[in-house]
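First chain A sits with chain B, and in the next complex the same chain sits with chain C.
And now, the complex of A and B:
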């Protein structure tokens, strides 16, 4: 092999640096998202919707793609964040960034408490527990009409300009910029986390819990932490929805949202952080397009696409970005060749 | 001198079946101790009890004199107990480098660091590289584990256990499934393990046991059947009858 001359530790350090490096497609994605502000000024609302769904999916990917925890109730955190942001803006401070932080904190606290329910048990137990938690919250929101507006939703949420400077305009331009900045910041943080020793340990717990324990890893704390972070993310996503629409509908806690975000990850792929973003784009555009051409049957097509994706294998059709140069896939192909050399 | 690893009257029952029957075992510091016995003798159950995968019904396990019977697996690892698995337990698409970064990072308590990029954990990376080199995995450190030949995977399996810097290492059939031509490499690395590491070897291959171990315990039907030096065990007619006889 060519790198025989290099010392093992130089090779190691080179490999580690490469693994954490920014990929061309990542940078391109963010540049395109920014360019959208100028390219598609008439589509700000749907772009905001995509951005919020993407953040929600990134949140689920942290627990599903990295820690291997399945959830059918992830919207509990999204909905909680949405309501907290709404109530906080109505009754206390109407400045959105403050509201975002408060919503994230409350949702994170709830995530921390409920994380202990997903520590043990099979995938099925986790599916049911998370589903149950979301149902509980949905019913609470419905009953506590004095606080949440009940079935009518929470209206009259006045949001003042962001940091007192940027007003939410009618075209949704500032709303999109605001949501995009939040998504970028939180994705960068998540990216840093998954490329850390802690992130590595999460991946290890997902891949082989038996061996992970035998390396001295206690899964409990690691899972509690990532579940809490994911809850903060989902809560912030929910708060973004409230702030960009000035309204909270009981729909934010509805089951279909938990299912949708799972679908987004199935479309986009899990465990590489951008699956939620690609998935959100494809899902929203597809839904929009289908609901225009077949307003009554679009669910049918979504269902069909879901089945095809699962049957054909997500790996093959959604890891398209992996074929781009410098990507993980290209690295793996190179590695496979190297493996043959070793043999 | 305190034994490196000790069990006292260890019992494990599954329903009406006693898989571990009153096992009292003592392994001295630095020993090369082999644990043998026919299939179904309870070797795997014993290992699972020692590592905390199973909880005993009664009895005690002591590591360096400290009782560990009720500790979870990861806490036992932290106290210096490590093992390899008879069937590789690796991290599929991780590279050997990833796996080693994980193992060494965890030993140094870096596993909770969520803000430091792996590439900046230089001390861990250097140690990982050195260990990979020692285990003849340096050339393959960037290759996904599943793509490695089985012998190399076996080396990684052992290297991961060593990365935890154990005081006591349980080797569960280290050469199992390794093709003949790669076998020598695995066994020579097992022989090169530092002398201060206490090794308990669970093995079927009698040639390996006799060449490697200084003491042998024989398990049969969940109970300790005989214990002694290699010379004593290899001459014991009863051991031959229940175990060696069958094997020959």
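And now, the complex of A and C:
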């Protein structure tokens, strides 16, 4: 009996280990990102933008792709992080890494407090509460002009060299390296989290919360934890934006940012972390290209893309990941197909 | 004081006409349609074009706004919305956000980004005194019209054959189909009615709410509050919620202008924490 239990837990940990194995395409992606420093030195600013958006989308993926919470106000945490980093740098310490940690902590605390709002109710209630929280913060930032600069944005943010060693240069080279390092570290941590037994239990809750609760997995505590982690990530992404641009505009809390990050994640695909990164690359390049063609009306095309994605089916669009060499998803799809054939 | 109450009621009535279509699609058909404001905006722009370019009377513009918007609603329902009734809420949210973005950009392209103005017919302008209470003629017009609409709507849903068909189709589509009710036609007509009412509300609201390409996003939160706070199981819930919201918003803007939108969002979040299914939800409802 105990023998059997042991082997079951061994199988389980074996499966987890296999799911968490490094894939060739993952390593290639990071190598390409590092190589960009030398290959495209003139495009550093847009690459930094992509990196920040990717981190923001990874954070949304943690709650949407793994816990199944649809949020219309995720930019609340992004904007909070941006403002905290800006105010902290202006009034207290202008060293970026400290600011990053402070912004992440404040945003995480806010995420912890608001996480209790998303525990109750249906999808619709969650949509409304997250949306409402983001609007409240936006209103607050707009009204508290003595602290945030109001509608003009927060200026006068001076950022000293990173750890006192590397200065932000005019071409954004160090800024990109800094953002990339943060993204890499945080993605590795997120990777550990989602491939742990805890990450697996989150997926169980997403599939069927009632069944998960019956199996002894308490949804409440797990959702609070993942929501807090996602808030920390989003806050750090916002802080990165402040530090690389030395400016905070009220735009960081605007509704279209929440919609944008949803679109980013949907383009890249949810539930495997890298969706945010691929999505950010595609989205930023696309937006750049569209706004060159139709400066004022690129929103129209973004809307059209959203509708087409939904109409064609998100599943079908994100299937291309399956063709990445050595993808776990490809193996799973193959296995499923074989099972269907037998049936 | 009473004037503020009166203005608040007029505002609330207007919000109800704007939002009740949403409460049908969202509450009864369980479709998260964030693009509802786009239909209202369509109604508003139809009125603006008819009045300012062709000089048609305001009274003719109102039914025109209703029917043209309803037609747009049916077209979109038949071609796009219908496929998404069974999809997840995330898909519906993404789809309708896409629709909002497209409508904003399209209106901006054709009509420009400025605020649109209309001139009301002379008998609706101005105010008169009624026992010391200043009453705006146009607001009185809105209240009367919207009250009539509300009563008609309530009767139509509870007393007519179509109303019972709709309720049957919503409660259990398969059984309703088995009883010979053409569910997809019922849904299409309901959607048309909802978007038509939004168009009418948009036409009526051009004067009070203002009209520019960002209308769908600016008022989305109001519609959603009406529906989520009011609960989605009946017409009366959203109606009471719309009145409360209208009065609270007008009074808040008058007495504590610096609080801005805080009160509304705060109240909404509080209600949703305490009663996640709305103030007037029936037990076990969706």
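In this section, the second predicted complex is superposed on the first by the 317 of 343 C-alpha atoms of A that agree within 3 Å, B and C clash if a C-alpha of one lies under 4 Å from a C-alpha of the other, contacts with A are read in each partner's own complex, and residues count from 1 in each chain.
Going forward, a contact is a pair of C-beta atoms (placed from the backbone, for glycine too) under 8 Å apart; a residue touches a chain by one contact, two chains touch by 3 or more.
Predicted model, so just to flag it, every value in this text is computed and none were measured.
Once the two complexes are laid over each other on the shared chain, residue contacts for A:105 go to neither chain B nor chain C. Of the two partner chains placed by the overlay, neither chain B nor chain C lies in contact with A:34. With both structures placed on the common chain, the touch criterion links A:207 to chain B but leaves chain C unconnected.
When the two structures are aligned on the shared chain, A:147 is found in touch with neither chain B nor chain C.
Of the two partner chains, chain B is the only one touched by A:192; chain C is not.
Once the two complexes are laid over each other on the shared chain, residue contacts for A:13 go to chain B alone; chain C is not touched.
In the superposed model, A:216 makes contact with chain B only, not with chain C. Of the two partner chains, chain C is the only one that A:309 touches; chain B does not reach it. The touching residues of chain B, when paired with chain A in their complex, are 51, 53, 72-75, 77-78, 82-83, 85, 89-95, 97-98, 101-103, 105-107, 110-119, 121-122, 124-126, 128-130, 132-133, 138-144, 147-149, 152, 160-161, 163-164.
Across the interface of their complex, chain C is touched by residues 64, 70, 72, 117, 120-125, 127-129, 131-133, 135-136, 139-140, 142-143, 255, 259, 262-263, 266, 296-300, 302-307, 309-311, 314 of chain A. Put simply, chain C touches chain A in their complex at residues 26, 32, 80, 83-84, 87, 89-91, 93-95, 97-106, 108-109, 217, 221, 224-225, 228, 258, 260-262, 265-266, 268-269, 272-273, 276-277, 286. Note for the complex: chain A touches chain B at residues 1, 4, 7-9, 11-13, 15-17, 19-20, 192-193, 195-201, 203-204, 207-208, 210-211, 213-218, 221-222, 225, 332, 335-336, 338-339, 341-343.
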